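Chain lettering (A, B, C and D) follows the sequence in which the chains are written, and residue indices restart at 1 in each chain.
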Amino acid sequence: MEKKIRLGVLGLGRIGIMHVENILAMPEFEIVMGSDPFLSEEREQTLKQMGLASCTRDPEDIFSNPDIDAVVICSTTDTHSDFIIRAARAGKHIFCEKPIDHDVPRILDAVRAVKQAGVVLQVGFMHRFDTHHGALADMMHSGKIGDVEVVKITSRDPAPPSMDYIRSSGGIFVDFMIHDFDMARFLTQSEAVGVFATGTTVCDPEIAEQGDFGSGHAIVKFENGVIAVLESTRRATFGHDQRIEALGSKGLLTDDNVFQNNVHFYDAEGYHTAKAPWHFQERYKDAYKVELQAFAKAVNEGTPSPVDGWDGLQAVLIAEAAAKSAKSGKYEPVEHVEI
Amino acid sequence: MEKKIRLGVLGLGRIGIMHVENILAMPEFEIVMGSDPFLSEEREQTLKQMGLASCTRDPEDIFSNPDIDAVVICSTTDTHSDFIIRAARAGKHIFCEKPIDHDVPRILDAVRAVKQAGVVLQVGFMHRFDTHHGALADMMHSGKIGDVEVVKITSRDPAPPSMDYIRSSGGIFVDFMIHDFDMARFLTQSEAVGVFATGTTVCDPEIAEQGDFGSGHAIVKFENGVIAVLESTRRATFGHDQRIEALGSKGLLTDDNVFQNNVHFYDAEGYHTAKAPWHFQERYKDAYKVELQAFAKAVNEGTPSPVDGWDGLQAVLIAEAAAKSAKSGKYEPVEHVEI
Amino acid sequence: MEKKIRLGVLGLGRIGIMHVENILAMPEFEIVMGSDPFLSEEREQTLKQMGLASCTRDPEDIFSNPDIDAVVICSTTDTHSDFIIRAARAGKHIFCEKPIDHDVPRILDAVRAVKQAGVVLQVGFMHRFDTHHGALADMMHSGKIGDVEVVKITSRDPAPPSMDYIRSSGGIFVDFMIHDFDMARFLTQSEAVGVFATGTTVCDPEIAEQGDFGSGHAIVKFENGVIAVLESTRRATFGHDQRIEALGSKGLLTDDNVFQNNVHFYDAEGYHTAKAPWHFQERYKDAYKVELQAFAKAVNEGTPSPVDGWDGLQAVLIAEAAAKSAKSGKYEPVEHVEI
Amino acid sequence: MEKKIRLGVLGLGRIGIMHVENILAMPEFEIVMGSDPFLSEEREQTLKQMGLASCTRDPEDIFSNPDIDAVVICSTTDTHSDFIIRAARAGKHIFCEKPIDHDVPRILDAVRAVKQAGVVLQVGFMHRFDTHHGALADMMHSGKIGDVEVVKITSRDPAPPSMDYIRSSGGIFVDFMIHDFDMARFLTQSEAVGVFATGTTVCDPEIAEQGDFGSGHAIVKFENGVIAVLESTRRATFGHDQRIEALGSKGLLTDDNVFQNNVHFYDAEGYHTAKAPWHFQERYKDAYKVELQAFAKAVNEGTPSPVDGWDGLQAVLIAEAAAKSAKSGKYEPVEHVEI
C-alpha cells in the first residue's frame, strides 16, 4: 500500500467537517492537524471524538508543519487565494473547495504560485466524480453520440439559502451555476467563447431585491460549436434535481435523477417512486469521496490534477460573463486570460 | 373498398352495446339487425339513436335473414354453443365472445358444426390484439429471446364483481384466467400438458364461501418444455394491472402496464405517474376494434380465423384442469380431445 | 346528432391529403369539394377513391359555393392570408394550417377580416391537442405546481428537410419553433415580452450557409415573470423527441417522450424500449383529429376558437423577435400590435 | 466507540475472501485469525497483504483461542453444523453462511447448541439487508399496502454454475431458491404451510440429467393466507435479475432491478439503459456489509439476531418440501419441527 498522505485541513465549518469525516475513513490519508480561527471548544471536542487529534486556530501552524504533505481548503472563499499561495510556497499539495476566488487577478496569483511550486492543485468540482455524470461523460468522450451539438444541464436545490447567504454569494451564476459551467467544459472538452444569461424571480421577491435570480438560465457557446443550455434554480420542492443531456449526430444521452431506492408504490393515482435525495451533500455523498481519491492518485503518482487551476479559473470567467450578460441583456464574450 | 359485411348482433347487454358502438364506426361492417330476448323499449330507443335501426327479441329473425353474412354473439355463455350451431347451419360466419361454453361436449358440438359448415369462427380473446401484447408476441415469435423458457402473465382487475356474478362465473380459472391460458398458448405456440393451480381468499371471505379465489395462481407446463406462471386477481386498487414477461436463452421481454398519459409529477414524496386504466374495457379499448378488423379480414379473404374453435376449446380444457387441480392439490393433466 | 359541417379543402398536398383522410372518417364533417391549382389527374383519382367526390383547380369554386360552411386551408403559406380574407368575406368558418403568414401586416389584414365577418378562425397548432401535452397543461392550469417559474420545451425532428425547404422556410424560429412559442403561451397563459435566441450549425454546414441553424435555442420572458427555455433541433437520430417540463412553487411536471409500445427487451447491454415515433405525423396522429373536433365544436356551438387569430399572430411576433435576436446577439422585445 | 469484536474466519475460499475484505474495512471488527484446511501458501500470502496477519489450517486454533469473540463460517456447507456446535460450546458468537446444513437433524443439533450456549447465531441471508428489498419490507410492514395477498419474487443468475457445482448443490430449491424462501418468510412475517414446486430444463439438458431444473418455480402458502410465487433461474443473459412485488388490499409495491447508473442512450431502436449488475456479489455488494453491521449490533447490544437459527431452519424445511413436491407432482406440506 502507498504511504498515507498527511493532511492539514483549513476550515472546520459544515463542509470541512464533512470532508474530515470522509477522510478519516479513507486509507489514502491521515489528518495531522485541522485549523479554524473561529473553532469553538465544543466543535474541537466533537472533532476529537471523530478522531481528529490536533486542532489549531492559526493556519500558519499547518503551513509551517513539515509533517504535512497536503492541505484541504474548506475555509470561506475570501481566504482561498491566500491559503493556496501560502500552501504552494510551503511545497504542499492543495485540494481547494470551489470557487478558487471571486476575483480574477487573485485567482491568477494563486494559480501562478501553484505552477511555480510544481504542486498539485485540485478544485472541488465534485460533480465530475459522480458515477452517473461520469458514465455520461465517458460515453460522450468515447464517441457514443458522434459529433456533439447540444449539452443541457438542470440543477435545482430544494430550497433557497438564507438572504444573508444570497447577499454574499456573488449571485446565482458565480455561486451556483459555476458547477455547471465546469461540467459543460468537462463534457464538451472545449472552451467557452460567450454566454447569454438571465433568470426569474418568481421564487422569492427578496432575491429580486438583491438583484439576483431564483432561477438562473444561461446559453453558453463553445469554441467547437457546441451550445450548452444551463439552469440553476434555488427551489425544487421535490429535492435535488440534477439532470444532464447531450445530443449528437448519433443519438442522445440522458442522465436522469437518482432516487433513494427502486421501490414503486401503485395506487389509484398511478405509481410512485421513492423520494429524491434532498441536499447536495446527500446527492453527491460518494462523489465527495471519489474526488479525494482522485486527489490522492494525482499526489501519489505525479499525474496531472483532474480539475486544476486552469479549470477553476475558466469556470469563474464564464460565471463573470454570465453575470455581466444578465445585467446588459446581451450575449457577452468570455474573457481570455493567460496563466 | 371491400363490400361491407352485413352483421346480426346476438345479445345487447353491456358487452353487446360496446361491440355495436365499435362496429357502427367501422367501415368494414354494417349492422342489419340486433336481437335480445330481454330488450327493453328504453334500450331499443338508445340503440336506434346510436344508429342500429332494427331490433328483435327472437334470434331466429337473425339466423333466417338471408341479408346477414355473419353474427356477433354477445349473449350469455349458456346460449353460445346453440347460437354457434344455428349460425353455422345457416352458413353465417361467427364472432363469439369468450368462452365458447363451460361444457366441453357442447363446445365440441359447436366446433364440429362450424367445421362442417366451413364458416369462420373467431372467439373473442381480445388480449391477443392489444398493441403491446402483440409487439411482445411478434418479438418472441421472431426469435428475439431465443429458446423460450418461462412466460409470466399478471392480470388484475380493480375490484371484484358482484357475488351473484362470482357464483355463476364458473370460478376464477374458467371465468378470468381463461384469457391468460389463451395468451400463454398464443405466446408459446405450444399445447398445455398439465397445470397446478391454487389461490388466496384474503381479498374477500365471501368469495371463499363460494369455493372460489380472490387471487388465482397457476403453473402450466407446455409440450415444448416452457412453463407459464399465471396470476388472475380480482382486486388491485390501482386499476387494471396487465403485464407479461417472457424469458429465453437470449434475453427477457417485458410488457409493462399502460398509463393514461406520459405526464409525471414530482413532489417531496418522489415522482408520480398518471393513473392506470381502470376497467378492462378502457385497457382493451383498441383491441376490441382490432379483433373485429381481423374477423373482417378472415371473412373477406377466406384466411383462417386468428382465434378459432380449437383455440376456444383448448383454453377451456386448461381452465378445467386448473379448477380440478385447485381442488385436488395435485398437478393435473390437460384433457386431450380430437375435433 | 349535429348537422354535418360541409367543408371545402384548399390545398391537396401532403398535409391536405392527411386532413382529408382524417375528415372522411369523422362524423362531424362532410367534404363538399377540394381545390388545388396543381392537382394532377393521378392525385384526383386517388382522392376520389378515398371518397372525395369533387375536385377543382380554382379556389373560387369553393369560396363561391353556398353549400360550403367552412374551409380547411392547407395550401402554401403565401396563400394563407388571401384565402382567409376571401373565406371570411364569404362568411365561411376557417381552419388554417400554421403559420397564418410570415408577414405581420398581412396577418393583421387576415385577422381583422375574420373579426369583421364574425366567423371562427382556428390556426393549426395541433400540439395543444396532444393527450400528453394537454394533460400537462390541465395540471398546470389547475394549480398542481403552484406559481409557475420555468417552462422548458424540447422539439426534435429525426432529420433535416431538404435544402430547398430550408431556404424558403423563413428560418428555424419561424418555421419550426413557432409551435413551441405557441405552446409556451398556451402553458403560461401570458404574453411574451422579449426573447434571446441563437443556435448551432454542427448538424449541417449547408444550413449554416443559409444563415440558419440546425439547432435553435431561445429564452423567452413572459409578462407574468415566467421564463420559457425552448429548443428546436432538426436532427435526432432516434426519431421524434418532444418533451415539456414545467417547474413551479409546488413541484415539477414532465411530459416525456412516447414510444410505439410498452415492451422492453433486456440483454447484456441493459434494457431497451420500443422505438420512438419517427415523423411528426406519427407523433401527432391523434392530435390532428382532436384539433378538428375542437373546430367542429366551436363552429357548432358558437364558442370561441381554441387557437384564434390573436394566437396565430403572437406566435409569429415571438418568432420574428427570435430571428432578430439570433442576428443581433441581444435580447429583443416582442412587438406589440393591436387588432 | 464500541470495543472491536475480535473475529476468527473459518473458510477462506471465494466467499471467505470477500467477507475478509469487507471486514478489514469495518471499524466494528478486527480479524484475529483465519483458517482453511486447504489454504495454499499463495492464498496465505494474498491474505497477509490484505491485512489478515494470522492463518491456520486447523479450525481448532480458532475455537480454542480465548482472544476470539466470534466466528464467521464461510467453509463448505457440510462443515457448518459441526463448526456452529464447536463455536457455541466455546462461547463464541456465530455468523454462518447459508444454508446452515442440508440435513434437518444436524441443523437441529446446531440450533440447540446455540440456544444452550446463549450466543448469537446469524445466518447469511444477505438479501434481507439490501437497501431496495429493505425499503419494500419496511413499507409492507408499516401497512402501506394493507392486508397482503400475494408476494412474488424473481431471482435470476446470469449463467449456470459448473455441472460439478450443480451435482453437489442439493438442487435448485435448496441451493438457490432458499434465499427467496427466507425472503418470503421475512416479508409475510408468517410461516409456510405447504408448497408446490416444479421447473424447466430448457436452459441446459445436462441439468435435466441430474434431475435438477434450470428454472425452478414454487407456490408457497403461508399461515396468514398469503401466497408467495417464486422463481429461481440459472440463466439470464442480461445479468442479475432480482425483483420483488407485493400486492395488498391498498395497493402494490414493486422492487425493480438496479442498473449500474442512470444514463440512458437513445438511438433509432429506442432508448437503452446501463447494464444490470452481473454477479450476485456485485448486486449485493452493500448488503454483505450491512448484514455484518447487523451482526455486530446484535453481539454488542445483546439484541436478538436478525436472522437466527429458527430462520435458517425454516428456509431449509420449505426447500425440502419444494424438492419433494417437484418429485411427487403434489402440493407438499412443510414439516413442523420444535427447537
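The rule we apply is simple: a contact is a pair of C-beta atoms (placed from the backbone, for glycine too) under 8 Å apart; a residue touches a chain by one contact, two chains touch by 3 or more.
Owing to the predicted nature of the structure, the values given are computational and were not obtained by experimental measurement.
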item: Selected pair, greater C-beta contact count between B-C and A-B; value: B-C
item: Chain of greatest Cα-centre distance to chain D; value: C
item: Chain centre separation (chain A, chain C; CA means) in Å; value: 42
item: Distance between the centres, which are taken as Cα means, of chain C and chain B, whole angstrom; value: 41
item: Between chain A and chain B, centroid-to-centroid distance (C-alpha), Å; value: 59
item: Two or more partner chains touched - positions in chain A; value: 236-238, 241, 250-252, 266-267, 274
item: Chain D to chain A touching residues, read off their complex; value: 131-132, 135-136, 139, 144-145, 250-258, 260-267, 271, 274
item: Chain B-touching residues of chain D, taken from the complex the two chains share; value: 147-150, 152, 156, 196, 198-203, 214-215, 217, 219, 221, 225-227, 229, 231, 233, 235-238, 241, 247, 249-252, 329-331
item: Touch list for chain C against partner chain D, complex; value: 236-239, 241, 259, 266-276
